[in-house]
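Next, two complexes with subunit A in common: one pairs it with subunit B, the other with subunit C.
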Partner chain A sequence: MKRRIMDIVQEKPWLGWTLFLGTVVVVFLIGLLAASIVERRDEADLVVQVEPIDEWEPRNEVWGENYPREYETYAATADTGFTSRHGGNSVIDHLERYPNLVILWAGYSFSHDYNQGRGHYHAVEDIRKTLRTRVSQPATCWTCKSTDVPRVMEERGVGEFYKASWEELGPEIVNNIGCQDCHDPKTMNLRITRPALIEAFERQGKRIEEASHQEMRSLVCAQCHVEYYFKGKEEKYLTFPWDNGYSAENMETYYDEIEHVDFVHALSKTPIIKAQHPDYEIYMTGVHASRGVSCADCHMPYRSEGGVKFTNHQIMSPLATISTSCQVCHRESEEQLRKDVYQRQDNIEELRERAEDALAKAHIEAKFAWDKGATGQEMEPVLTLIRHAQWRWDYVSASNAMGFHSPVEAARTLGASIEKAERARTKIVRVLARHGYTDEIPLPDISTKAKAQEYLGLDMEKFRAEKKEFMETVVPKWDKQAEVRQAKY
Partner chain B sequence: MFRPLQFFIPPPKWRLPVLIIVGILAGLGAFVLYISNAVSYLSDDPRACVNCHVMAPQYVTWRNSSHGRGTTCNDCHVPHDNPLRTYAFKASDGLRHATMFTLRLEPQVIRIKQAGIDVVQENCIRCHGDLVHEVSATSVTAMHAAAKEGLLCWDCHREVPHGRVNSLASTPYARVPLPGPVAPKWLRDYLEDTPQNQ
Partner chain C sequence: MKRRIMDIVQEKPWLGWTLFLGTVVVVFLIGLLAASIVERRDEADLVVQVEPIDEWEPRNEVWGENYPREYETYAATADTGFTSRHGGNSVIDHLERYPNLVILWAGYSFSHDYNQGRGHYHAVEDIRKTLRTRVSQPATCWTCKSTDVPRVMEERGVGEFYKASWEELGPEIVNNIGCQDCHDPKTMNLRITRPALIEAFERQGKRIEEASHQEMRSLVCAQCHVEYYFKGKEEKYLTFPWDNGYSAENMETYYDEIEHVDFVHALSKTPIIKAQHPDYEIYMTGVHASRGVSCADCHMPYRSEGGVKFTNHQIMSPLATISTSCQVCHRESEEQLRKDVYQRQDNIEELRERAEDALAKAHIEAKFAWDKGATGQEMEPVLTLIRHAQWRWDYVSASNAMGFHSPVEAARTLGASIEKAERARTKIVRVLARHGYTDEIPLPDISTKAKAQEYLGLDMEKFRAEKKEFMETVVPKWDKQAEVRQAKY
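And now, the complex of A and B:
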């Protein structure tokens, strides 16, 4: 009979112990392998995010710990060193460059101060500094300035946020436009955080949740780079006038139906619609949009750094990044592409200045007609023409890119603006003739910003002094309060 | 008659401990098979290849390439001339990868070895043969290429399909279906909800 383990072990008990200890070693090693597999699977979770980000974390630098490349390029929006012929990220005083604007906005704080916006990194500082926030504004103005907005909206409710005063929320809103505005903190998916865009889509019968990733690469920008108004005297509810469509005419119909007036012009008494910055809307009428090119494709081109491909978050004029923005599709030299852009912008600027000139004269001449005893009935068709002309002009000129987002649409809209402004002027001449005045209408010297502001009787020295005091007394308090609050995060 | 099982039966006083230890061994083995998704390696699903997260750049560059629509990893990286060779190659390649990954020997830049080159070149020809014979009367195999008698497909088609920059760090935030933590969700939720962890 063959010998069995039973017999061998009975003879030599040490062999039993050897077998036992051998098995212990095997189990130990398999245990180590199991532990290593578990560890490496957990590791996979960690490579995605170093430091978990809270749902409404407003501080961009906290996000930046996880996403250093994106954060560093975002932080580069602090740069103000790039100026193209018609834009860039440096401060350009629009009133100085186009003094007619002072006249066009007489009776509205835009005639006091209106600068080319700097990068996202300066959003909070710039809104604090502008003379337009010298007079009390609703908190709605904060909506597009900060990553703190979704957090405060979550705490207070959207309606309550808009109802508050701008000063009341000053200590809450301190972090500049950044990560939280467009990204989900857990997945980094693009996410809409501003209710106005979602609501505008709903009214159009669309669901923003169904937008494709490529559409989202524009829609996150469309949370802010759009035309909007504050609905309701008390509610000040941020609303996009998109119910009829995106063109100047579509929105004009909307505004006329609800008889919306942003301000009554101080000279001509025209009920004006002030355009904000319908960048997304103009872009939607253009050839790039119809080819499916998103905002991010040009303004946030891909970059490669140390073998890692990522999206450049230094959002700015693509004229600074022609090689990565334009040449990805267009096989022309940088110089040629820049020339092509400038050619379109120069032409739009020419039309824009013609419109501004006609509109400024129309406002001044309308005032002259009122002074000569024109009646409301006589002036009504004139004012309607001026309202529609100025809205069309503003639709183009308030937008970034000097019409380049859709040059043909911009030219068409400005053409209609010039025509309406000139028709208004012709009507004024007839009204004046009816009141016995047939001479040239005298025009003041408004060739510089200072002269134009003086003509309106604006006490700019006083405004600036008030702002300076606000910056020195109120703002440091806001920052202090914010610092105390954020220390608890 | 010799019965092998009989041979292993231990003396009576050892039987209980041996039963328990054999149970532990079997359980541990099952646990290892479970946490390593061992069964997935029998499939053609590319997700099996990102059970190890170091393959994430290869996975995501493939998925975003033209090949991502109609091919799997196995279509190119294991031979398809006969099933025995397919599984033998898969087993040897897989064991090698598992060993390197477990011992943390993976290089920063993973490069294909000669055996892999042979197979991939074979597979280029397998699918694109109709196109290739228009270009040259005889296809260049990896053997030809090694003997300097021709070039490999990707000597020219250098971006196909993984792109040209390949390192463990080249696609840091790529969306890859990594297997995730081992503990089931209900357990993780429970642990997160316990007060001392908050």
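And now, the complex of A and C:
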């Protein structure tokens, strides 16, 4: 047979060439077929929008018609059933778990109510329900809660938005954190919709337009997951205190220079800086940021479904998605990686609790000193120490991830907090001694949230009744107005 | 031409087969040659010992005749010219850099003299020269300094070795830490020559013979780079306090249970536990240990010379060998990796200095309280806090690498140290108040090593003169005796 083919080819050379080229073409086509089978496309490239999305469209379900996979995973943030390090999968009541917090925030609404953050899907419901909000508060509080915010800012102007009351904008802000907050509706490119981040970059001499796509995968989160304050008594202009840098010390210097006070502590009279949730800032000091890993790399890992590659929008702890989050880089087992994270968090929590214990005692003891006749001059250095200790503690404590975003930086910051809080306590003992008191300072029983709130004389029943009335009378009106407005689209 | 070969093959098929098989053979031989060129052999397999090494041969240069590459790199530990994080490449005088240390060790010889450790090559010289050693000390101090130790232990028995005086064994202990300490002279296998490690394992219910080769690459280091104490007033039996585990808390429990005291503090009268250098223990809590990386992987990276692969015995900071140490696993640039290490160390150092500052003040203030008539009963809780604070500080501080072996654990431990030291200071203020003293406690100027030593009333001139005389009269005799003994080999 072999001989016969050779014979034929020798006789008709054009036949050999035909066979050869024919084979080349067939193999090429097989290659094309194979590539089309294994290809995973970015859904954004793939989809022809069912109907174009309006520039400031706030309704996530409307976006979801065009991007069903992203929307479905986003909607899954409704589920907060992730088993935490402490076991259990219900939403943690922080004040119940750490009653010292009630004391640390005496004089501020955080001492009334402070639950673990739930998914983006619950943002509006949760800010309405918490005992921390009242109709008289500034509209600035809405800034990070809803896709309606860019729309209303566009309509009213940014400054006017912040100046309004929380109540005034209640009917406007009804759609939960979602698509509009981070995406351009035409191109699906990431975009920044909140002015505070752009302004903070400008003051640092940077242009956010120059951020790379990978940087944007963190910066869209940094619109909200940051430290901020409301600048100006009237203006309540949302501002990030980043002018000196991202560390607790950098921001403390900023706040001290403008003598910023979030609240005066009800027991110790300390002018307190309340940290919000400086997630981005702590992350920036850690190894993941230094290696170029973005928020989305861990919290929004890529998934693949029916050959379509897309980003998982069920934003939550990466410990729920270790195989697609951590194991992209880390080759250890899921069990080992989870253990590693918990080990760091346990260590940070130990330091956090030391700082919390020292601070709670410092506040109570400072009140005791005031009661025994301590003067403002005597207490001034004590209050400076407490202010700086509590800010450092809160910088770590208020952030998500129990320090995991940058464990050594978190530990360093807490170590300084412990020192300052304990030094405040030493000074109080000396002040008291000068007023003739040399015994141990009696400490109240604050072993549960209820006991701690009772010690502060908080009328929790009243707060709960007020909130109940608000939910039953005001909120339904807001929803009705919103429904009417949205029907116009 | 093509046609002609085809014609020939068609006519003489055996010629085609010969060509084919010939090609196969030639390609095979080329493969062999290539493999032989790129092969890197383990020197231990390669060398035929010039002459067999005796079972307890202490002289590193004798081993070096058989293993020149290992010996040359070992001998390079003579060079301590590695530029540290602080810049400069001279040996750091810790007391000069951190004068608080003089105060922390008041009543103990570490307050006289404490320099950065130099390479293994200097072990005997350095222990002779330091102001910390005196002829009356136990021979146990020699245990980690020399390859002569296994030989003398074999001759005298382990218990008798420890019971001897430092002076008595002076003439025996002359060869620096080296080959014999970790290697079997016949097989070059790693072996444990120091009984304390084997005994500690036994008390933990483990058999060191079952350790893997990779574990042995850390355990040979753990013969000395660990926490230990001298058990028994007479016996001075070298013992590792590992029965409860490796953390500062685990070992503190051990020491508290046996009421171990290394020295009573000259100022505060605190019964102090002096940490040695728990390098292995801290490392065991860190991520490198958890990933199965051994001491040798970083500190003794593989090298290749003339096709021979061998282990670099110039043991020092891996920052001097980043390309062969860190970059085997980490893909970042040398500059980035160095920056990462320094960042962690800077953070730990900040906490370390906070702890040091608090402790130095606590000792001085405790003395002030004693001087004002404080009672033992009043001071007891103060001293317990200082004991536990200083142990935690020293656990991190006395270890190499400024916490890098396990940064979060180091930070956690230092955070607790800061809390306890500051709480001791608070108690002192109250004790003083009860004795009628309510002013600030005056602090001496301890801003330099000399000033701190003067504050303690240390007659450094006398110590230096004594050491000079020892070096000029005793040491030459030891060396002479050793020379005579070694000539007998």
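Note that in this section the second predicted complex is superposed on the first by the 434 of 489 C-alpha atoms of A that agree within 3 Å, B and C clash if a C-alpha of one lies under 4 Å from a C-alpha of the other, contacts with A are read in each partner's own complex, and residues count from 1 in each chain.
Assume contacts are C-beta pairs under 8 Å (C-beta built on N, C-alpha and C of every residue); 3 or more make two chains touch, one makes a residue touch a chain.
Nothing here was measured: the structure is a model prediction, and the numbers come from that model.
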item	value
Touching partner for A:Val308 - first (subunit B), second (subunit C), both, neither	first
Which superposed partner A:Tyr67 touches (first subunit B, second subunit C, both, neither)	first
Partner chain in contact with A:Val91 - subunit B first, subunit C second, else both or neither	neither
Partner chain in contact with A:Val484 - subunit B first, subunit C second, else both or neither	neither
Partner chain(s) touched by A:Val135 [first = subunit B, second = subunit C, both, neither]	neither
Partner chain(s) touched by A:Thr438 [first = subunit B, second = subunit C, both, neither]	second
Partner chain(s) touched by A:Val26 [first = subunit B, second = subunit C, both, neither]	first
Subunit B versus subunit C as contact partner of A:Ala34, first or second or both or neither	first
Doubly contacted subunit A residues - partners subunit C and subunit B	none
Residue numbers on subunit C that touch subunit A, as the complex places them	287, 290-291, 332, 336, 340, 343-344, 347-348, 350-351, 354, 358, 407-409, 411-412, 414-416, 418-419, 422-423, 425-426, 429-430, 432-434, 438, 440
Residue ranges of subunit A touching subunit B (in the complex, touch as defined)	2, 4-6, 9-10, 16, 20, 23, 26-27, 30-31, 33-34, 36-38, 40-45, 47-48, 67, 188, 304, 306-310
Contacting residues of subunit B [partner subunit A, same complex]	2, 6-11, 14, 17, 21, 24-25, 28-29, 31-32, 35-36, 52-53, 56, 101-102, 165, 167, 169-173, 178-182
